[in-house]
Amino acid sequence: MKLLLINPNISDSVSALIRSEAERSASPGTHIEVLTAPFGVAYIETRFEALIGGYAAAQLAAEHHAQYDAVVVAAFGDPGLMALREVLPIPVVGLTDAALTSACLLGRRISIIAISQRIQAWYREVVESYGLGSRLASIRALDRPLASIGAVQDEHAQALQALAERAVDEDGTDVIILAGAPLAGLARLLKGRLPVPAVDGVSSAVRQAETLVALQPGMARRGSFSPPPPKPHHGLPPAIARLLDPSA
Amino acid sequence: MKLLLINPNISDSVSALIRSEAERSASPGTHIEVLTAPFGVAYIETRFEALIGGYAAAQLAAEHHAQYDAVVVAAFGDPGLMALREVLPIPVVGLTDAALTSACLLGRRISIIAISQRIQAWYREVVESYGLGSRLASIRALDRPLASIGAVQDEHAQALQALAERAVDEDGTDVIILAGAPLAGLARLLKGRLPVPAVDGVSSAVRQAETLVALQPGMARRGSFSPPPPKPHHGLPPAIARLLDPSA
Amino acid sequence: MKLLLINPNISDSVSALIRSEAERSASPGTHIEVLTAPFGVAYIETRFEALIGGYAAAQLAAEHHAQYDAVVVAAFGDPGLMALREVLPIPVVGLTDAALTSACLLGRRISIIAISQRIQAWYREVVESYGLGSRLASIRALDRPLASIGAVQDEHAQALQALAERAVDEDGTDVIILAGAPLAGLARLLKGRLPVPAVDGVSSAVRQAETLVALQPGMARRGSFSPPPPKPHHGLPPAIARLLDPSA
Amino acid sequence: MKLLLINPNISDSVSALIRSEAERSASPGTHIEVLTAPFGVAYIETRFEALIGGYAAAQLAAEHHAQYDAVVVAAFGDPGLMALREVLPIPVVGLTDAALTSACLLGRRISIIAISQRIQAWYREVVESYGLGSRLASIRALDRPLASIGAVQDEHAQALQALAERAVDEDGTDVIILAGAPLAGLARLLKGRLPVPAVDGVSSAVRQAETLVALQPGMARRGSFSPPPPKPHHGLPPAIARLLDPSA
Amino acid sequence: MKLLLINPNISDSVSALIRSEAERSASPGTHIEVLTAPFGVAYIETRFEALIGGYAAAQLAAEHHAQYDAVVVAAFGDPGLMALREVLPIPVVGLTDAALTSACLLGRRISIIAISQRIQAWYREVVESYGLGSRLASIRALDRPLASIGAVQDEHAQALQALAERAVDEDGTDVIILAGAPLAGLARLLKGRLPVPAVDGVSSAVRQAETLVALQPGMARRGSFSPPPPKPHHGLPPAIARLLDPSA
Amino acid sequence: MKLLLINPNISDSVSALIRSEAERSASPGTHIEVLTAPFGVAYIETRFEALIGGYAAAQLAAEHHAQYDAVVVAAFGDPGLMALREVLPIPVVGLTDAALTSACLLGRRISIIAISQRIQAWYREVVESYGLGSRLASIRALDRPLASIGAVQDEHAQALQALAERAVDEDGTDVIILAGAPLAGLARLLKGRLPVPAVDGVSSAVRQAETLVALQPGMARRGSFSPPPPKPHHGLPPAIARLLDPSA
């Protein structure tokens, strides 16, 4: 099985974290590829940055999906995920999507631990757009500037653990999600040190993508996730145009 | 006052409808400009098409907003709206946003009349993302293929009116929204022929944009609609890069 | 265009604030009239006071609406608004209704800053009755007794600004509503001093009323906002009786 | 124990139905009094009529409550109920309030059978304002004009029973509420003929009022149902003025 | 009238509290019987303990209901309640069910005061399963270990009262529920000392059970609370088997 | 890896279906064991039957879990699932839980196809208790009696497929869940014949259980899914007593 993980941001250091955790998480026989966005920002905290990342993810997915069994949008917040699920002929999962899924199987109330204050509003809207607002106990976030996005874990591991403790004690959470590709692998590192189960977006997404490939549920030929009806288009990158017009 | 209306799609015929209704709706002294997306699809029915339209709208807005007092994203479904509201230093409204606003002031339950079956799922998600799901009585849509997107009104006026009647009789609606830029002006045409008030996205957006400019509520310097924190970026169109990095 | 603003309370000093802000907010050519309730309380904090104010507003509207293009119920909480929207042949807006509308176009999460602790429960119920509970970040209120309802702004401007700051910092709000007719004009006064956009009920209502008059959406002839079906009545003030029985 | 039932409408025939069902439902030793509104409409179908009925109920309650242990607002839709609960020093229940309470103890999903199409929107808003929207399976209503409000049961018993059957079969309801004072006693009449439990507003309200008197839960001295803070008032009916100013 | 109260736990001391408060609350002529579970735990704090208590309650109800007019599941959280409501031919109420009902008639927002921190998650889920989450202002609980479940009131009365005060002041609650059979009678004891009305599960349940018996609403012959369709079963306690197979 | 699947019902024929689909779905190296409840009913349609099945599942899990890496409660509706998740030291998933999880990764709106009319109310309550009510497009069910629970698929495959088609066309669903252990394997059989992706509870649960074992998220030591605090108990089956009192 071949999985394509798309980092919708330009940070190679984060792509390395993603690859490392994905490879640790994958089943035997699963091959992992990670691509980094050729344009965009260092990491996504806002709706505007998510719009850019979503478009970058779409371009990469359009160009490269044909060689893979499933695609993972490897940023928490899942930029472009629902759009890609319409047009790709293979399963697509996102880090938020997948981490929430794992978390829902482990408890009732879920807290997200995030890397910046600003990122919280966007995360909340994404969780609510998935209809899971009632499962969300809290989002808690670091409140100091990030010196380097690829080194968040090293610099802030203790602060992140403290946020998780407070989510349990003050927000009544049952499960922790350590959110954001820059935290990929941290759940594994903290194993046994948190008072409740903790899950990670990258490892959840890899496993959930494998599961969808294994279940072979079929693709949508009708309904809102079937391919968009063909219509005139103009000026699009060739790979995106092909997704809209597969017979062309 | 100068308003920039951005058609996130490539259809000049729809841009003409938008311009015509916008000019009829504007207050004396308001100048209307309409720009058409240089790339994209003929009209947006799905999440993937909305992702493309959102990125196109962002590029146009980034390049041209400086000469205007407010921007209107002139497609129902508001692709890119919330993202642009973060980065532009002027008010931004969308057709759905504005039409819902007008409708909320006229009744309790609202129905949306739309131009295609497929478009309904996306519209529903947009309304729900605005927290207005409980106001939505129904979405009803044409069920025949559209011969020409610029001529929907002429070909289907009777069918659209019949859908509105059914929304009142079967769904208990209080207000009708005639949705989608291709229907711009239809509410004006049907005046007096519908059993409940009817509103239109373009005219509502023009008036709401004027209102926001007049109220001068101030821009966000903190919170989730203030400009994204500066961070490294790469490979972006220059106008978008400037939005992310105003001091550069 | 002629707008009738009805203060459902007996405070002439508040009516003066309403008139002043309404005139500053109105478009050129809009004529503003403000009427003060002939019976009732000094200001409304509770459901029982709202019931009284709603009945007073209904009497004034019934007697005077014929000379106007639209009516504004000029108390936050909108006593009698939905009832009047059924029977008046012209648009009716309320301060809450209109302020929420403006706020929804400026951000996602909204906080209301109010003049008394007691008033919060009623405000919350009104916002929830409009289906907008999920947009409400918080209601924050002054906690000291009001010496004079007409001088709240002067005495408490600093405290009100501090409440707005806390709403942004602690409740994650994107937009502030300075609520209640006694605060009419305060948003204008604080321009540039708040970290997020701020809106005011009176100016929003004046502009939204103008917009509804301009859009000419038509009145309800069916549905729950069409006039009540005629039925026997008895003992009502003549103007109210006429509303129920227009043909009489 | 003495219970005051207030018919907020002017129909003596409906007051007679209310009295009759109330007396059949009351515990031994409970004395029933029914008062009819001195002004208002024949029955309430709309928000505007509810505003009138609420004010009429408030006047009657203000004038007469002193001799009673509890007050029942005896119209479905409960005009004025929450307002009176703030100011009266004794328990106050409404027909909707009480019928929903009984119904919640008998099943999960509840359907309301009503006397007119128009009345449904108002009923729905009342149920939702009580936070019970998720318990409401449906509202179904007669669709023919009412010849006489006091004779609805006789003329339409069969149609009402058919509506209840459809609520069970098509809406998946567990409990039926036969709604509206004009249907007082119908549940008793149909006993054994409906496929699910059926409750009635008047009998539920009488019993629930008795229960509240027996439980002696205490009155609110703080919070949103404590009496409104004293403030200047003017021009009010003396009994209402006394409620606002008990020490005067 | 004969009421059967089932304590789904093994604590005779709690059964004594239940009996005492039930007898004080019952109407003249109502006979109270209290049975204690023959197996189970001392009190229920968790979902697993509720599963055990629900099964114990079902066995007792199956064996003994035939001699009674109604059954009360006498633990807050109502283990087994909805299940028993399907199979018993008489009304069944629970302490949570009944206390919420009383509380809904006294105010808008309700707080639950509970005996342990751990119990709160389960209580919250029960309230939400009744569709009453929007009425719940807060759950507040003792945070010290319970020396003896039968003596909670004596040891902690002051702490419980302090929790109620905080619910009013900090959570904006209108009504207090003193939750859990071990607190049976405490509301009566604190009468006049709390700032808002307070209700108790046992007394509410006794009165609500009496009301349902008096109203005679009929039993479900269709819908989701009618008896389960007969089907093969095996190995069940005889009384439970009889409930599933009444004709056998 | 060893998975224990517990059929909470007494039907060996259904256990055979479960085993067969589980073995087809499991990863290489996963060992499947299926146990059938020693007491209970043939299949669960109601809350009371779920209470029995939940207790049976608890007994089997208590007795046998020690030899396994994870437990699956193998009835749709997940009787006892949340309770077992508190007390077992290994992951526990249910068929509804797991199928919803898979479905959420494939689309937005989900329909459940079920084997009997009566079962729908219980299923709906379970989905809502998971906070996923907003994802549920519909539940549709067979309306003819089941001749044999082990042969539902053979007798009704065509009717079940027709229900799925209607869910897509009339309810706007994106994903189908073929619900209930008696339908285990049907999704596999219908592959390619349904217009949208279809998932199955047994295969989803097996894969999700494997995923949780692989992710090693840690167990809850605090919060509402940590083991119940020790307390006196009496009369319990030894294995259940041991779960409550691990140190004994």
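Should a chain be cited, it is by its letter among A, B, C, D, E and F, assigned in written order, with residues numbered from 1 in that chain.
Going forward, a contact is a pair of C-beta atoms (placed from the backbone, for glycine too) under 8 Å apart; a residue touches a chain by one contact, two chains touch by 3 or more.
What you are looking at is a predicted structure, and each value in this text was computed from that prediction instead of being measured.
Considering the contact criterion stated above, the chains in touch with subunit D and with subunit E alike are C, F. Taking each chain's centre as the mean of its CA atoms, A is the chain most distant from subunit D.
Chain centres computed from CA atoms place B at the largest separation from subunit E.
Note: centroid distance subunit C to subunit F, computed from Cα atoms, is 52 Å. Subunit E has its Cα centroid 44 Å from the Cα centroid of subunit C. Residues of subunit A found to touch two or more other chains are 82, 85, 108-109, 121, 125, 172, 174, 223-224. Taken pair by pair, the chains that touch are A-B, A-C, A-E, A-F, B-C, B-D, B-F, C-D, C-E, D-E, D-F, E-F. For subunit D in complex with subunit B, the residues that touch the partner chain are 120-121, 125.
On subunit B, the positions that touch subunit C within their shared complex are 25, 27, 82, 85, 91, 93, 97-98, 101-102, 104-109, 130-135, 168-169, 172-175, 187-188, 191-192, 194-200, 203-204, 207-208, 211-212, 214-226.
Remark: subunit F residues 108-109, 172, 174 touch subunit B in the complex. Chain contact summary for the complex, subunit C toward subunit D: residues 10-11, 38-43, 45-52, 54-55, 58, 80, 82-87, 116, 118, 121-122, 125, 128-129, 223-224, 228-229, 231-236, 240, 243-244.
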